[in-house]
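Order of writing sets the chain letters: A, B, C, D, E, F, G, H, I and J. Residues in each chain are counted from 1.
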Amino acid sequence: MVSKHEAAEAVREAKVRTGITWAQLAEAVGKPLAWTTAALLGQHPMEKDDATTAAALLELGDDVAMAFQLQPSRGALESAVPVDPTIYRLYEVVQVYGPTIKELIHEQCGDGIMSAINFRLDVRRVPDPAGDRVVITLDGKYLPYQW
Amino acid sequence: MVSKHEAAEAVREAKVRTGITWAQLAEAVGKPLAWTTAALLGQHPMEKDDATTAAALLELGDDVAMAFQLQPSRGALESAVPVDPTIYRLYEVVQVYGPTIKELIHEQCGDGIMSAINFRLDVRRVPDPAGDRVVITLDGKYLPYQW
Amino acid sequence: MVSKHEAAEAVREAKVRTGITWAQLAEAVGKPLAWTTAALLGQHPMEKDDATTAAALLELGDDVAMAFQLQPSRGALESAVPVDPTIYRLYEVVQVYGPTIKELIHEQCGDGIMSAINFRLDVRRVPDPAGDRVVITLDGKYLPYQW
Amino acid sequence: MVSKHEAAEAVREAKVRTGITWAQLAEAVGKPLAWTTAALLGQHPMEKDDATTAAALLELGDDVAMAFQLQPSRGALESAVPVDPTIYRLYEVVQVYGPTIKELIHEQCGDGIMSAINFRLDVRRVPDPAGDRVVITLDGKYLPYQW
Amino acid sequence: MVSKHEAAEAVREAKVRTGITWAQLAEAVGKPLAWTTAALLGQHPMEKDDATTAAALLELGDDVAMAFQLQPSRGALESAVPVDPTIYRLYEVVQVYGPTIKELIHEQCGDGIMSAINFRLDVRRVPDPAGDRVVITLDGKYLPYQW
Amino acid sequence: MVSKHEAAEAVREAKVRTGITWAQLAEAVGKPLAWTTAALLGQHPMEKDDATTAAALLELGDDVAMAFQLQPSRGALESAVPVDPTIYRLYEVVQVYGPTIKELIHEQCGDGIMSAINFRLDVRRVPDPAGDRVVITLDGKYLPYQW
Amino acid sequence: MVSKHEAAEAVREAKVRTGITWAQLAEAVGKPLAWTTAALLGQHPMEKDDATTAAALLELGDDVAMAFQLQPSRGALESAVPVDPTIYRLYEVVQVYGPTIKELIHEQCGDGIMSAINFRLDVRRVPDPAGDRVVITLDGKYLPYQW
Amino acid sequence: MVSKHEAAEAVREAKVRTGITWAQLAEAVGKPLAWTTAALLGQHPMEKDDATTAAALLELGDDVAMAFQLQPSRGALESAVPVDPTIYRLYEVVQVYGPTIKELIHEQCGDGIMSAINFRLDVRRVPDPAGDRVVITLDGKYLPYQW
Amino acid sequence: MVSKHEAAEAVREAKVRTGITWAQLAEAVGKPLAWTTAALLGQHPMEKDDATTAAALLELGDDVAMAFQLQPSRGALESAVPVDPTIYRLYEVVQVYGPTIKELIHEQCGDGIMSAINFRLDVRRVPDPAGDRVVITLDGKYLPYQW
Amino acid sequence: MVSKHEAAEAVREAKVRTGITWAQLAEAVGKPLAWTTAALLGQHPMEKDDATTAAALLELGDDVAMAFQLQPSRGALESAVPVDPTIYRLYEVVQVYGPTIKELIHEQCGDGIMSAINFRLDVRRVPDPAGDRVVITLDGKYLPYQW
């Protein structure tokens, strides 16, 4: 049997071999781009049909399609503080702006959090004459502390 | 002389005492909301006029206004992994979706990063019948690896 | 001004000095026992009336009553792994039974979590002929992963 | 020979393959649900008959049944602070409410601990019009410090 | 008010100043030597009479006597791995012989632990022609895993 | 060639397979119980005859017998703070009573340590009407600081 | 398929086997020396022609040439603080001179950073009568904090 | 007496108060810019005349001038991995390019290191039409491994 | 009362103020150089006469002399891995040559250790035409593992 | 191809199999004892003739002889703080005497370090009527801080 971690590795390899993009995979599966990417990287369980569709597109076997459907044990960083520069910048945002975001959530909503479970994510390239921009949208339900 | 860290503590206290909001501070200073909040929490240096305006509004002294203008040593988490739940959820997003974001930046832009320096941040409450949402926008310049 | 951490220390000291119990404090405030205890230990913000009531009972000043009302930065362990044996046993439960609880949540509810925000806690002594028992109830809303 | 860790992996895989639930396994073995789950995940030794019954139901071999009977080296987190969000919420409860629980044990019972050895655990889904809840009961013998 | 940690420091200082020994303190209090030492170092709460007796003998004030009676937050190492050589040797014993002790407890008693709560400790110097020995006895109730 | 770590694993497996106890192994080898257990777990080198005797009793091959004779690289905990509850209790004793033991060694012997090299260990079950006890004796030569 | 990490190992081995130098590889590829070395060690993706040229020179197969073209997950230290003395000296420079470099960047350029993305590196041996010197040039675009 | 750390803080404050630059300080002292900065930040001992000159320029007292002359205990990062973004980029360079630099030192010089003791550092802003650059030169004596 | 740590700081300051050297202190006390240095830095207890002599020479008070006589809690590094370069080189020796030293102790002496308790240390500058050398001699009693 | 780490393991095994000592290996190679041991444990590169001689004596193949010649990535501890007692004692010396050695280097030589690169090491058993001693000599070139 193939683990979700091994399935994620297989996906990365198959993408290089087949030239299929995340966007094509998301379109085939009919799910949002970031959700599909996260799912194929092992962070969400997929439904059977979606798993089969994605595996077929990537020319991967039934055992990988099965792994796509497993309940994940989430969390994907190789260490508490990520070392890859592209991912580190996200951690840096938490280091520098974490308390700012906390203050603004509390001022606008009250004593609570942005859910990371009832949550969606978008990553887009936005053209800009001064150099294109990466715009990441974190969109989670507000959950008030409630006893 | 007052350190930026002490000034940030003074700001938090003064906000409770005076009832001034981050939004009012940002409006008085004439800068974006999240930038102003981050600056008053010690993560950005302020120009003299802005520093004086904010200090006056918060009924804080000249030494605090001076601290607002100092070059910061950035980074505000109390430990490598934050423990406050509101801030932890941001770390959890990096843990669960970090590699997804990396893949999508590379697919859409190439081999590079979203800058955390040429960067702006927005935090908004968005009404939603199924429960209001917190929407955080991370908007940084795309920087390609370039030798 | 008094920080929430200093206020929590003041509460512990005042309880010894005055002999007031957590149960009496909770009754006076009219809130659940565990919530009141957590709030006075600095993990929840209190409303003005409740804060004043508790401070008066504990013979503490207005500055402490003010601290009770502040928005907390939550998290109270002195290190990532707690060393006090009474608290360590809770960590041991997570170490030994964490994956068991995860499996049972997924089997009974699906892919999601028990919220620690929409959450209540109860601690009770239960008489037992073979030795009384401590029964801790963690009761949080089920939050399904939802994009 | 199969280690308890490998046996736990085999159980997870066999559950997907056979569709057997933890509840069915517990019923077949005739032991409490959470105990059975923990035991099959390698945290408790099983008696021979129970081990054989569970292995048969999961269509696993004698070597796995033997592994179920071994004395475990307990502890199942992949790191000191768990990263999977479902398990992290339990750690967050210890971070936010650990000292509260300690205070209430001491107030209700005296100077001692809730045993994590003479201990039972229950996880239940409780219907609630405002959204179903996960209720986890930690029930351990009170052990007073005793020289 | 004096914390238990400050009280422990005061005890160490007072012992040097007055020349009183742990043995004399234990005799005056009428409790076992190791228990009395641990209690005065802040690891156990003392009863009022014992606290007063010890404080008087050490020429310490009422605030210290009060601190002796407080419920402790236990744990006294300055870091996860102790650096003082006298204490490190105990950690080394756990590193080298921990699994051995675990095996022998399981062989002689079954699946359980030696309690560190229902527990007593003795430290004695034992004359030996080849060089005197330090003999430390750890004596805890056997607690079987019991659901 | 078999490493000492692999040999220790082989011993644990062979004990289950053959039903041989640590006590029987110690008797066959003619060495103290705890020493024999530690040696077979890879923490001491054995002499050729003893290694051969133990391997034969456990029905293990010459390569394992050879491994028993190798010089060990000692230390057997899987992390700086052990997670298995049976072993953690020993660490907890060091956390709670380490400074107490240090004080008593210094009072009874002077400025020095209990050796963990010139050292013997005993683990015994002691019947007790209030519940049997585990008694662990740490017996090491006193080594004074000596320039 | 070969991972970038395995490809880097293959390069190190092939260099010993073939006697090819980093300088020869850089010349064949027509890219700067340090960039080529970093790329072949798995820290940059290579274009197809360059990858094929390098693999051919090193007598490595198509799968390695493919690995050279993959998007890397960057970061190459075996631990947060490097232990190899040649690499540790670079960390020591950051420890001793990091704040100095920060001050001088701020004094000469303003509030910003030296980019490590729009960045080039040079390592040269410089003859010196008092002993030759290693001169490392870090040359990155200045990025001002810009909202 | 003033510690070197306190003296460094005093320097940072005095620079803001007096408007003196690192360049002016270096010129007054007659030493290289980076050396002077590092020394005043507490990483090098200064000679008496230089210390007095710098203190006078900064309008600081004799006790600070004395601190400038003390032997330092070097190392200035607040944690093993720096969190300030300007300093973190230097750590990132070690993470991404450390092994590359090691390979090139070995290829050009043999088995040895770049000294961080017999070492000089330069930080310069270099104009560039595509955006000015920060050029940092690390220049250390090559030290071959030599028995 | 003065702690040993504060006394060590007072010694460092007094040495600068008085110009007294470690060698002069050792000669006055009549003890070996390294022992005296370590003792005054708080790593050994001193006898009353020696403590008084040293304090007088350094023009320090009776409270410091008293601190010199206290039993130390040993260990002086600011973090597990030292950051000061002069001390780090000693750690580097352990990293690079630790297993070598272990092998040679075992080959020459058997299964045991070099004591760090029955131990003396010497640090000398040795003239050498190719550059003077620092020669550090670690001289500890061989302690065989002995049950 | 064999890595230096695998070669070191092969050496340890071959020494047991052949009975060859480190002293015999050093004599055959004609290099100092400690250097030869460190080199064969993978911490130094060997010249071809020496590598071949050592491999032949140990009855190891050409691939191991090749590994002996590779440039090492140095550092051999399994964790930042070593757990094997023989090696830990060296770390303890750094913990207890590190600042002492630093002070004496500075007093005797000035502001600099003992090189761990231009460095030699000796380990000897020295007979002593009170028990033989292990004498370890660390002998490194003094390197003054020099800009």
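We adopt the following convention: contacts are C-beta pairs under 8 Å (C-beta built on N, C-alpha and C of every residue); 3 or more make two chains touch, one makes a residue touch a chain.
Quick caveat, the model's predicted, so the values are computed rather than measured.
Q: So if I look at the partners of chain B and the partners of chain H, which chains show up in both lists?
A: Common neighbours, chain B/chain H: A, G.
Q: Counting shared numbers against all numbers at the contact of chain F and chain I, is it over half, same, or under half, different?
A: At the contact between chain F and chain I, which are copies of one sequence, the residues are largely the same (over half shared).
Q: Test of understanding: which option in D-E, F-I or F-J shares over half of the contact pairs of B-H, residue numbers taken as the match?
A: Matching pair: F-J.
Q: Could you tell me which chain lies farthest from chain E when each chain's centre is the average position of its Cα atoms?
A: Most distant chain from chain E: G.
Q: Name the chain whose C-alpha centroid is farthest from the C-alpha centroid of chain I.
A: Result for the farthest chain: A.
Q: Averaged over CA atoms, how far is the centre of chain A from the centre of chain E? Could you give it in whole Å?
A: 50
Q: Go ahead and note the Å separation of the Cα centroids belonging to chain H and chain I.
A: Chain centroid spacing, chain H to chain I, equals 29 Å.
Q: When the centre of a chain is set as the mean of its C-alpha atoms, what distance in Å lies between chain C and chain F?
A: Chain centroid spacing, chain C to chain F, equals 41 Å.
Q: Mind checking the centre-to-centre distance between chain A and chain B? Centres are C-alpha means, answer in whole Å.
A: Taking the average C-alpha coordinate of chain A and of chain B, the gap between them is 23 Å.
Q: Give the residues of chain C that touch two or more other chains, as numbers and ranges in rising order.
A: Where chain C meets two or more other chains at a single residue, that happens at 73-75, 77, 80-81, 83-86, 92, 95-96, 102, 106, 112-113, 115-119.
Q: Write out all the pairs of touching chains, ordered by chain label.
A: All chain pairs meeting the touch criterion are A-B, A-C, A-D, A-G, A-H, B-C, B-D, B-G, B-H, C-D, C-E, C-F, D-E, D-F, E-F, E-I, E-J, F-I, F-J, G-H, G-I, G-J, H-I, H-J, I-J.
Q: Under the touch definition given earlier, write down the residues of chain C that touch chain D in their complex.
A: Residue positions touching the partner: 21-23, 33-34, 37-38, 41, 43, 74-77, 80-82, 84-87, 89-109, 112-116, 118-119, 121, 123-126, 128, 130-142.
Q: Inside the complex, what are the residues of chain F that reach chain J?
A: Residues 1, 66, 69-70, 73-75, 77, 80, 116-117.
Q: Under the definition above, what is the set of chain B residues touching chain C in their complex?
A: 13, 16-17, 78-79, 81, 83-86
Q: Please name which positions on chain I make contact with chain G in the complex.
A: For chain I paired with chain G, touching residues are 81, 83, 85, 88, 92, 95-96.
Q: Enumerate the contact residues on chain J facing chain H in the complex.
A: Within the complex, chain J touches chain H at residues 31-32, 35, 44-45, 71, 73, 102, 106, 111-113, 115, 117-120, 143-147.
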